[in-house]
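Down below are the structures I want you to see.
Two complexes come next, and they have one chain in common, subunit A, joined by subunit B in the first and subunit C in the second.
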Partner chain A sequence: MLTGDRAKYLGLIFAIAFSTFLLENQTSIFAGIMRRTGSQIADVTDAEVWVMDPATRYFEQTKALKDTDLLRVRGVPGVDYAVCLFKGQPVARTSKGEFSQAVVLGIDDATLIGAPRKMLLGSWERLREPDSVVIDQAGYILLFPGEPLELERTLEMNDHLVRIVGISDASAPFGSFPIIHARYSEAVNFLGRERSQMAYVLARPAPGLTPSELTRRITEVTGLRARTANEFRWDCVRYYIANTGIPVNFGITIAIALLVGLVVSGQTFYLFTVENLKQFGVLKAIGVTNRRLIAMIVLQALTVGFVGYALGTGLGALFFEVTAQKIATRGIVLLWQNAVGVGVLMFLVVIAASLLSIRRVLVLEPAAVFRG
Partner chain B sequence: MKQKIIPIIALAVLLVATISIVRTQPRAQTSEPPVAPPRADFEQRVAAVGLIESRSENISIASHLPGVVEKVFVKVGQEVKPGDPLVKLDTRALEAARAERQSGVATRQAAVATATARARHARAELAEAQRNLRFAESVSDPRSISAEELTRRRSTVEIAEADVQGADAEIAAARTTVTAAEAALKAVETDLERSIVNAPITGRVLQVRIRPGEFAPAGPSAEPWLVLGDCSALHVRVDIDEHEAWRVQPGASATAQVRGNSNLRAPVTFVRFEPLVVPKQSLTGASTERVDTRVLQAIYRIEGADFPLFVGQQMDVFIDASDVNTAMLNK
Partner chain C sequence: MMNATQPVNAVRCRGVEKHFGEGDARIHALRGVNFEARQGQLTFLVGPSGCGKTTLISVIAGLLDSTGGDVELFGQNTAKLSPQDQTLFRRRNLGFVFQQYNLLPALSASENAAVPLLAAGVKRVEAVDRAKSLLARLGLENRLDAMPSKLSGGQQQRVALARALVHEPRLIVCDEPTAALDHATGEAVMELLAGSAVHPDRAVVVVTHDNRVFHFADSVAHMDDGRITHIEQRN
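Let's turn to the complex of A and B:
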């Protein structure tokens, strides 16, 4: 049937594959970029609850807490432990004069909670040494372009000379700034002096308590805003969706991909059905029921849809396999939610397209075939 | 068969794609903290930070006099008793002054001796004049001695009497200057004594930041140069946020944990509250800092810690507040 008309068959597969690829590609890049807004939240693996000023809306924007707020959080029943976290954006400079604004995260001196666990070189345990920092690979390449990854290089921040004792594989931040980890007591000096410096308190719920239950308790007792890591990441995503042009940009591409897929496949199906009305008439004349005919049309639509979707997804997976290796696009992958979502969407598209043409078959009178 | 080739290829591609997607999915990870963080021992608790101090609180020793240090008698960590010398200032100027004052006393004493001799001389002259007058008066024949001579001898006696009085006054005056000179000497000797700074209590020398040749100012100095404390028991001064202060009860049990290793923990017992709620001491200590938090300070005694603790060390303290919460809720 449809497979017999090779041009239409391949054209249909191509349309669906192209549409699938474009949709998966664009939605995944969009999701990947949005995920980056909370990369530093996800990288903290030893605390599930973030406590912040009540007016904090996303990760970048912080107002420092009072030092005693840490103690108040520790006093909340159900807190297993709580530590401080500093976040600042000083300018880091190398001895050759390269410089870049950097995201500095100051982790608790005593416990090193929040240290980057994925290391490429060196070790985060060495943060205990005086004047030591861990920088992420992308930041290193940004500050030392064209040079091999090496430890013991120095950076200068706010007249403080620090040594690189480790290179981490920190998740890519939203802005392309280097991610620098240091101890809290030293990180506060990398920025000009501010009266209070504690940006966040990180806490873990006691065994048997969920993070969201703990956030409720902390807010109730201290009046501070407490979010689970997941909630906080969604806060960041929502902030950027509401306050940047990124979603509009991606939305247009996604809409066009969807439209092309729907129009091209719908039209091809329709043409195919119309061109083969005679054959359908013959089938009807020899007593094939309408139901049977619908089943035939839907089956071939699904087959084409599946093939197109499979090839498009294969292309999408290949695309992200390649780009995930690049420093600039690391961490942006084809999320299974996107693949499944686009699959469902394509399923609906081919069903809708085939149903458009079915009407003609259903109202067809078998005798019409013989009139021509 | 030919019809099935494309769907089979598609299936294979989808399979590979699925493997790729599954492999690259971001995964939420959790990990244990590298070092045991401070954890509370009580379900209802107040968390605070404390600073270890000696039982006597830390005494930053001051000097009575400003001056250059000549000798430091104690070493860091040394145990001292009340009155033990700690530091001696350079006293050469004072010693010179003492010698001068001593000679001053001697000079004044010599003046007293001179005045005394002069008085004796005046008395002797008076006695002679009186003898001459008595002789003249005892002569019965008025012609043998003229009236004029008699009057002259009477005047001589009066002059001699006045001389005696003057000489006595001179002695008194000379004695007064001796007393003054002795007082001046005493003042110098006191200063000499005060040039040695003594230990006020039984305790341990916690810090020595002064060496011979350095200047010890009198009065409070920003940097204490010699710190003394009674370390027979260690106290921990706990800063409690004013918002939490109402939840702390004197009798409540509490534990203190060492920074960096919360497995090192010791029970602490309540000693007293500082009655005055003070602004929280900042860690940086910069004078430009403003304060927006006030803290209640409570003193706890560390009981039987079998691990080393040092004065000045920070500790994480948790205070049991379970009784308070139920009591307050019932009100």
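Let's turn to the complex of A and C:
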């Protein structure tokens, strides 16, 4: 019946597709940004436990540990190994004068635990060479705009000249800064020297021990804050949600998208029903039961909902397919969880939109069909 | 014992009353109507606008509850049925033809004609096939898949007639079936109605203003001010 009114049919599909696109777009970008808050944690695959000062709440802002803390962690029963990790944000400059603040991660000199494993050019093992760094591709493009990826280029960091020995595919950080890996002993010199510079201790549990159990033991023995990698990533997400305006900004857009979807589709669907009351009256007169009329209305609502949702999701997937190719927006994708969640929301929207129509049809006297 | 040669009452109304509103705003649409429509006959219900014709056929068809009196269709007092049973009774026993055709715009001619069968749970293919053969008998064999918007008024009314007949109901109620048609088309539709709807086991009640088609009636009930004033037996 609804397809007979082309304008309203297309209007409904457009409203739901628009709503779906906006919701999936905004929730996925939000999730992508939140995921970036812990992307450097996820990139470390050699250690499952992060140990930090109890005052450290999230990855970006750290209170330094004492050098002896590394030894204390190593002394906890169940620690297979534990290594230090430096994290700082010095300025990196090129010989052509380009510069940018960078996230420098100083990894254990002996084991190189925490080194980037996804390399586009060069090798992370070459970090053993003196004055060597590995930079991520996005950082390279930022510092050497328009130039091909090449090794052996130099960067100046706090009066230290370093060579690029590898280009990694590190996950995008929250702040869009270059990600630079270096050995711990060299990385600490890229910033003005402080008494203690160790940001984290990375640890792996001995075989048979879970990371959660190890975090419990480390906290119990050392008094330091120990988190599994997954817990620490969620700590970062929660910190940004609680302490920034990001959720409010996205929340407003998401609420508007939901409201527009509900109001436009609800109103259009209701108008369609009101304009077709005579047809519903005919069906009632003919002997179509209320149950079947409700099924018809719901089926029509679900059909336009499904078509609109599919179109909106298609548009959303296309959008993220395009933006995924760009360095600045890499890693922000349409998550299946978002698509499913928005699908459930759209289902509720079309059901809500059809409820008013159902009520109107149920109270309709079939005798109305003889009037005018 | 029922006499085989005597027409049987399909519709029997006794003292039917219907009023709308309360107090000073109360309107008496039907004031003790006595009316009968017999099987095998085309019964016309005529009268000026506002005399209660539409209210009476709405009550007869079970689309509107009466305020008082009895309505029997084929010996069944429909007021005593539950709403669900009234719906099922209508589905099995009644067919409708409306002034404005009221076809579903998104369905083709044959799908429109098949609606009562679909409502009764007949499989779609079978329902549409039966509707198509009926439409062909009504002269629409070349317009089976046409949408209502592509049909002329006379063609739409023939589709509506097919919809009223397809499930072989025992009573067909027509509300001003020729009012929206020119004389020639109205005449053609009435010929089809008289030729295909009238059947020994079926009654047809037609509400009309159109005195150009009165000659099709077997009996004419004249209404005024909510009452049947007199009945003419024509054939």
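The definition used in the following text is that the second predicted complex is superposed on the first by the 370 of 372 C-alpha atoms of A that agree within 3 Å, B and C clash if a C-alpha of one lies under 4 Å from a C-alpha of the other, contacts with A are read in each partner's own complex, and residues count from 1 in each chain.
Please note the rule applied: a residue touches a chain if its C-beta (ideal position, glycine included) is under 8 Å from a C-beta of that chain, and two chains touch if they have at least 3 such contacts.
Predicted, not measured: the structure shown is a model, and the values here were computed from it.
Q: Clash or fit: how do subunit B and subunit C relate after the overlay on subunit A?
A: fit
Q: Looking at the overlay, does A:A310 come into contact with subunit B only (first), subunit C only (second), both, or neither?
A: first
Q: Applying the touch criterion given at the start, work out whether A:G287 contacts subunit B, subunit C, both or neither, answering first, second, both or neither.
A: second
Q: Going by the touch definition up top, name the partner, subunit B or subunit C, that contacts more of subunit A.
A: B
Q: Who does A:D169 touch here: subunit B (first), subunit C (second), both, or neither?
A: A:D169 sits against neither subunit B nor subunit C.
Q: Rounded to the nearest 10 degrees, how wide is the angle at the Cα centre of subunit A between the Cα centres of subunit B and subunit C?
A: Nearest-10 rounding gives 170 degrees.
Q: Can A:A367 be said to touch subunit B (first), subunit C (second), both, or neither?
A: In the superposed model, A:A367 contacts subunit C only, not subunit B.
Q: Kindly classify A:K278 by the partners it touches after superposition: subunit B alone (first), subunit C alone (second), both, or neither?
A: Only subunit C is touched by A:K278; subunit B is not.
Q: Is A:E213 in contact with subunit B, with subunit C, with both, or with neither (first, second, both, neither)?
A: Once the two structures are laid over each other on A, A:E213 reaches no partner at all.
Q: With both complexes overlaid on chain A, what's the closest CA-to-CA approach of subunit B to subunit C, in Å?
A: Minimum over all C-alpha pairs: 9 Å.
Q: What part of subunit A is shared between its subunit B contacts and its subunit C contacts?
A: Subunit A residues touching both partners: 3.
Q: Which subunit A residues qualify as touching subunit C in the complex?
A: Where subunit A meets subunit C, its residues are 1-5, 278-279, 281-289, 292, 365-367, 369-371.
Q: Help me check something: in the complex, which residues belonging to subunit C touch subunit A?
A: Interface residues on the subunit C side: 54, 57-58, 61, 63-64, 84, 87-92, 94, 96, 98, 100, 102, 104-107, 115-116, 119-120, 163, 175.
Q: Spell out the residues on subunit B that touch subunit A in their complex, using ranges where they run on.
A: Those residues of subunit B that touch subunit A are 3, 6-7, 10-11, 13-14, 16-17, 20-22, 24-26, 28-40, 43-49, 239, 241, 243-244, 247, 259-260, 280, 282-284, 286, 289-290, 292-293, 295, 316, 318, 321.
Q: Per the contact definition, I'd like the list of subunit A residues that touch subunit B in the complex.
A: My answer: residues 3, 13, 35, 42, 45-46, 48, 66-68, 71-75, 77, 79-83, 108-113, 115, 117, 124-125, 193, 195, 230, 303, 306-307, 309-311, 313-314, 316-318, 320-321, 324, 331, 333-336, 339.
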